[in-house]
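For reference, chains read A, B, C, D, E and F in written order, and residue numbers begin at 1 within each chain.
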Amino acid sequence: MKLVTGVIQPHRLDDVKSALEAAGVRGMTVSEASGYGRQRGHTEVYRGAEYTVDLVPKVRIEALVDDADAPAVTDALVKAAQTGKIGDGKVWITPVDDVIRVRTGERGPGAL
Amino acid sequence: MKLVTGVIQPHRLDDVKSALEAAGVRGMTVSEASGYGRQRGHTEVYRGAEYTVDLVPKVRIEALVDDADAPAVTDALVKAAQTGKIGDGKVWITPVDDVIRVRTGERGPGAL
Amino acid sequence: MKLVTGVIQPHRLDDVKSALEAAGVRGMTVSEASGYGRQRGHTEVYRGAEYTVDLVPKVRIEALVDDADAPAVTDALVKAAQTGKIGDGKVWITPVDDVIRVRTGERGPGAL
Amino acid sequence: MTFTLIAGDAFKLDTGNTAWMMTSAVIVLMMTVPALAFFYGGMVRSKSVLNMLMMNFIAAGTVGFIWILYGYSESFGSATTGINQFFANPFQYFGLINLTDDKGLGAAVGVPALVGVAFQSTFAVITVALITGAIADRIKFSSWIAFTIIWATAVYFPLAHMVWGGGFLSPSGPVASWLSAPIDFAGGTVVHIDAGAAGLALVLLLGKRKGWPGGPFRPHNLPYVMLGAALLWVGWFGFNAGSEGAADGTAARAWINTFVATAVAMLTWLLTEKVRDGRATSLGAASGVVAGLVAITPAAAAVDSFGAIAIGGIAGVVCALAIGLKFRYGFDDALDVVGVHLVGGITGTVLIGFFATHHQGAWYPTGAKDGLLYGGGITQLLAQIVVAAFAVVFSFVLTYVIGYIIKQVGGLRLSEEAEVGGIDLAVHGETAYESIGATRLNTEVKA
Amino acid sequence: MTFTLIAGDAFKLDTGNTAWMMTSAVIVLMMTVPALAFFYGGMVRSKSVLNMLMMNFIAAGTVGFIWILYGYSESFGSATTGINQFFANPFQYFGLINLTDDKGLGAAVGVPALVGVAFQSTFAVITVALITGAIADRIKFSSWIAFTIIWATAVYFPLAHMVWGGGFLSPSGPVASWLSAPIDFAGGTVVHIDAGAAGLALVLLLGKRKGWPGGPFRPHNLPYVMLGAALLWVGWFGFNAGSEGAADGTAARAWINTFVATAVAMLTWLLTEKVRDGRATSLGAASGVVAGLVAITPAAAAVDSFGAIAIGGIAGVVCALAIGLKFRYGFDDALDVVGVHLVGGITGTVLIGFFATHHQGAWYPTGAKDGLLYGGGITQLLAQIVVAAFAVVFSFVLTYVIGYIIKQVGGLRLSEEAEVGGIDLAVHGETAYESIGATRLNTEVKA
Amino acid sequence: MTFTLIAGDAFKLDTGNTAWMMTSAVIVLMMTVPALAFFYGGMVRSKSVLNMLMMNFIAAGTVGFIWILYGYSESFGSATTGINQFFANPFQYFGLINLTDDKGLGAAVGVPALVGVAFQSTFAVITVALITGAIADRIKFSSWIAFTIIWATAVYFPLAHMVWGGGFLSPSGPVASWLSAPIDFAGGTVVHIDAGAAGLALVLLLGKRKGWPGGPFRPHNLPYVMLGAALLWVGWFGFNAGSEGAADGTAARAWINTFVATAVAMLTWLLTEKVRDGRATSLGAASGVVAGLVAITPAAAAVDSFGAIAIGGIAGVVCALAIGLKFRYGFDDALDVVGVHLVGGITGTVLIGFFATHHQGAWYPTGAKDGLLYGGGITQLLAQIVVAAFAVVFSFVLTYVIGYIIKQVGGLRLSEEAEVGGIDLAVHGETAYESIGATRLNTEVKA
């Protein structure tokens, strides 16, 4: 199995969720993150003191998928998240040894 | 070494923590997450406008463990997190090349 | 490619960011986490009722890097995060199958 | 309200009335900052809460300033004939000069002239501030600043003059001689219909927020909304009971009516929600409070307890339903200024025609009549409808023209990038709440 | 309080007293919304803050409504003999009809009757609202609504009549002739003992929250708690100094005592914490403020500065210790209504027996006596104990019966699922704060 | 202010003045808790917000307590010659004993003596509380408690006596006979210069916060800052218009000036930011409000509308620039007590010398003169400069000595570990907001 992780623009979350569902993903885990990269941060000014905030709000999506589904899911994720502007984010795929569904204790692809 | 990651119901955190400790885990990292899966979200209504919130609050636990300990730790985690209701979450195991303890620079199993 | 993950003291974030930049890392993803380990938590008292808070605020940093860069990046991270006090955190390295830049769809090391 | 110009009184200070009116002025200012600012600020998304707070502070700043300069004079200057039926001379009391106590709004009840200026200043401020709810999340900050000044000058000050300053719609104006003296005790027309119609006009000019409807526009902090609603209720006693201009039984009647109409409106709004949506919400409670307050405002001392209960109860249901209009007709009145203030203001103003009475401590100006249900026939109802209709048209048309001109000259709408990325950051260079990753690099303030 | 029924006065308006009483009424309403709502709302977990705010708003809505309908009449109607020693005729002034100024609570000091209604309305509201702290996080919303109405009608209005309306426990009642006129200047019995004992009764009926004790019930937002405590302090001057019914030296004595007793109670609460827990906490400061306010309430104008300092100082320690009772005896008084209001109310009521005086601007009703430490012997102390005990029993028993009936009829307790998953969501369909992932799908409001 | 000691009046109660003064006292207390507490609390980082709130509550507690015990007496006791030019006898009215109404501050206007005590108590409290902004995030809690008591006793009470109690700097003191009666209507010297100079002295003793400048010290919650600023504005009408001591035309002039100066100061602060930083910020709006309020305080009733507009407008610019001083000179005045209160206080005090007038409802004490721009020559300006300079030196030197002694005896500064890890946790054992992972283990309260 594989873990497909995407760090994307927060306002794409909804579309990405739909796209993954359409690609047959039955579950995913979402969390808040901040990114640093080519996309510039911003400055804030408080009583004349300037703060540089170089972290940009992002959303992280993780989906565990079967080896065979990984490419399609990845493609769906990338396509739905894409706006073409700097800061669209990254998607990466990592190997997973095993998955367990907590409720039932099932293991492997069936636990997805 | 292995990284055991669990996405669980927030109210199980305490029990899971104790179970992992009992299983000999000396440290773990916890973060907030939201999950999407079989468990239904909910709707909220603000001045008559209905919002569908399909992300459910979850907690993510990550524990780095020695290869040998991985099965026992995983079992302990699953058992402590289990309530038998939909939404109990997933646990997955991924391979880790190396671990370093920042304080000392130690590497490998000794750094856990 | 590799994913270098570090769980560090929040107040080291700035230095770590600079160190990674200096080590040639072009992007990273940061998120909030809480850790549990040798570092003791604390107690809080509300109207005489004592609460034990054993999770300590941490920051998680993730950087995708080329295989060749992984050791150097890891070292830079560890060095910049180190204060020598308990609770400095962990860094770990995991294998990555593939990386995609969402904006362009590029894959592999070029997507970093 | 009895707090109005009565020429030629020799002035004799009444410390009790003066104390009450200064207190009222204080708590009516509180209605704008912080109450309304938080009521609205909690309802927007966290990325634009500061902009919302700022727009309310700005209203206090600009309108406060011009009110002292010429606004009071334009509203309550002494001329009331010819063109001055519509507005008074802005220079008569420029900077409040020559405004002696015997010429003040409270001369007849021993309240110093400057207290009248103070009390009325807070009405001008909040009327402008109310509009911010309609246009939330998308107006250019500089355009808002310009708008507050132009709109107060061209719409609010004139309408205040017409209704309360002895002008066109006052108890001594043409409607009064034609039908009956219109009743607007504390500002159903001047404040709520006025702001509500203006909000609608601006919304039409501004267009919808990106993603509306269908997008995620839920309130970012409901406790703030509750805080704002509660403080609005608290301050509104200054608004309504203060509009009597004195600490007497009529003020007490306004107090009681303001209390009970609001209590009942909250309950009926919640009931409407429970029936329609299956749940009574805290946003509904807060909204019901405001709807009740709005509706009872014009009627505050002109009905008895039963009238107040009826008006509150009806307003709770009507406004709870009226907030659906924007979805039906597709205008993005972000925080329901139309549904609550325009509809609530009309509801209260018109219902006076049914419930007006001068028994049980209730009061209305000479020339007004009891309402339809209290045996006074239909005349008062007609007068109320005429005044409400006039106020709607007057405010809507003028606001549309003002907004249109600003749009042509400097633009009204923020860039889409600022709107999506967050106004607070784009416009004010700030974010409301702490987050990880802020690093101060440059700390030298150029002084 | 001197603000009480005195038959047959010809009414002569005093604008100063009227101004003060209307102002007091405004700031006492503020004590419930937003002050108490935020004091309690900050103390609960974030998943039930809206429910807590709502319960307080509801108290203002339902109790406000019935107060105007029949509550005032039931409390302050003129009959005081026979069964009317316990409550007056609810229909005498139904909807405040026929309540002329000469029949009002402030007739003797020139305050219009409706101002008396207004001021007292806010007391009825907050007494009911206080109970919410005990029952936080687990009561059915509909049962709470029903409870507010029944409890106010059967417990609060009668007790107000007995103590302040010339009834059983008043300076003209049997305790007064037997021992000494009981002193309850601003509501130690009627408000605090009353609400505290009621909270205890409901807690016993409701049972413990899932996970209590031992679970994570820490306050979700301590600044809200501090905001609430501060605004309670601010509004309490209306409560205590307003209870004089006039703007005079006795009111000023109540003001001073309210100020200093609270200041000292905060300090002694913090000291107690420092000694016991090793830390002085902000929740302790907020709690000490409220404990001091509660304890000084009955004594507000009946002691001198030293008496106030003593009462505040003692209350700070006693209440700080009393919050441990619930752990010892295992009743889940969630936000310490028993520890603060019941114990604090008893403390203040009883300590009057030691510190009462009529020197240094202090005042008590005719028939009362100086306290034990001020040379008046033990009589006043006994009278205070009798009244306190009566109020505890009266409120506890009646509340238990009311709660029991509601429990049988409609149920009192929320489902465990709602309690664990979050009341705000389960009951009101809302969450207090923004989170990721809200999508609006359906935007059509059925209108 | 006219609210001052006038010996030997037979006392005749004026309920209107009394109502106004009690109300003013209430809203000035609100300025400290919650207003100032939240204004500052929002500006610190989330890990020290509770400590900031606590320091403000403590100021209310300790100073409130000693004010009633001996502070009022030390400030407004009757002796004003010899050493008593600098402070009065703290035991004359110990615990307010023997303070009859004819000896009170409001004897001449029918306000009971205890009302004067109440009103002035809130000034003592807030002056001490203002200092917390300078020393945020690093002072030992016990040292702060000790400091509040010592500083109030040795600095505030004497200065209040000197300026308002008939002492050294009062209209009957030496400066008045030498130059002209100094004008400080509501506390430019006694409150703002006093607190500002004290803040500077403590900052020098405490040293910089770890990481300052250059580190991440941004406000953790800007809506709290706006809430605080708004409530400060609201309460300040009690401060300024209340300082008249009566509900009359002079109070109304103070009201109007407080309103318009603040409105204009907010606008000019924002303009300064826009020009300098490219953005108008919400923190700037909040700061401008406070700067305007500070600057108009001494001049509140002593200028006409144009004078108020000028003072507000100038203060907005001057203070917006002055907050850069700390970066230039490297003193860590955390929340700009120097930039806003010291500089703003001096600005207002000195500008009186240009704008003072007794026309248009404005007022100043006998012996004062019109300002330079109003034809009165340079004398008043000189008197104002002398008084401001005296207050700066007096407060700075005494505070430095007090702080130095505390530093030697018990230490001033928190440990670095507590500062970095979070004061709330280290000192109070609390965190302001909920977070994951709190487990209650021990629930037994030792009682």
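Here is the rule we go by: contacts are C-beta pairs under 8 Å (C-beta built on N, C-alpha and C of every residue); 3 or more make two chains touch, one makes a residue touch a chain.
Just so we're on the same page, UniProt names per chain: A, B, C = Nitrogen regulatory protein P-II.
Every value quoted in this text rests on a predicted model; they were computed, and no experiment measured them.
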For subunit E, the least number of touch steps when starting out from subunit C: 1
Contact-richer chain pair (by C-beta pairs counted) among D-E and B-E: D-E
Computed distance of Cα centres, subunit F from subunit B, in Å: 52
For subunit E, residues contacting two or more additional chains: 14-17, 19-20, 23, 27, 213, 216-219, 221, 276-279, 281, 283, 323-324, 327, 429-431, 436-441, 443, 445-447
Residues within subunit B bordering two or more other chains: 30-32, 34, 44-51, 54-55, 94-95
Residues of subunit B defined as touching subunit C within the complex: 1, 3, 17, 26-32, 64, 94-103, 105, 111
Subunit B contact footprint on subunit D (complex, rising order): 213, 216-219, 273, 276-279, 281, 283-284, 287, 320, 323-324, 327, 336
Touch list for subunit D against partner subunit F, complex: 13-20, 22-23, 25-27, 29-30, 33-34, 37-38, 41, 49-50, 53-54, 57-58, 60-62, 64-65, 68-69, 95-97, 101, 112-115, 117-118, 121, 141, 221, 224, 424, 427-434, 438-441, 443-447
Partner subunit C, residues of subunit A touching it in the complex: 2, 6-8, 31-38, 54-55, 58, 60, 74, 78, 81-95
Contact set on subunit D toward subunit A in their complex: 420, 425, 429-431, 435-443, 445-446
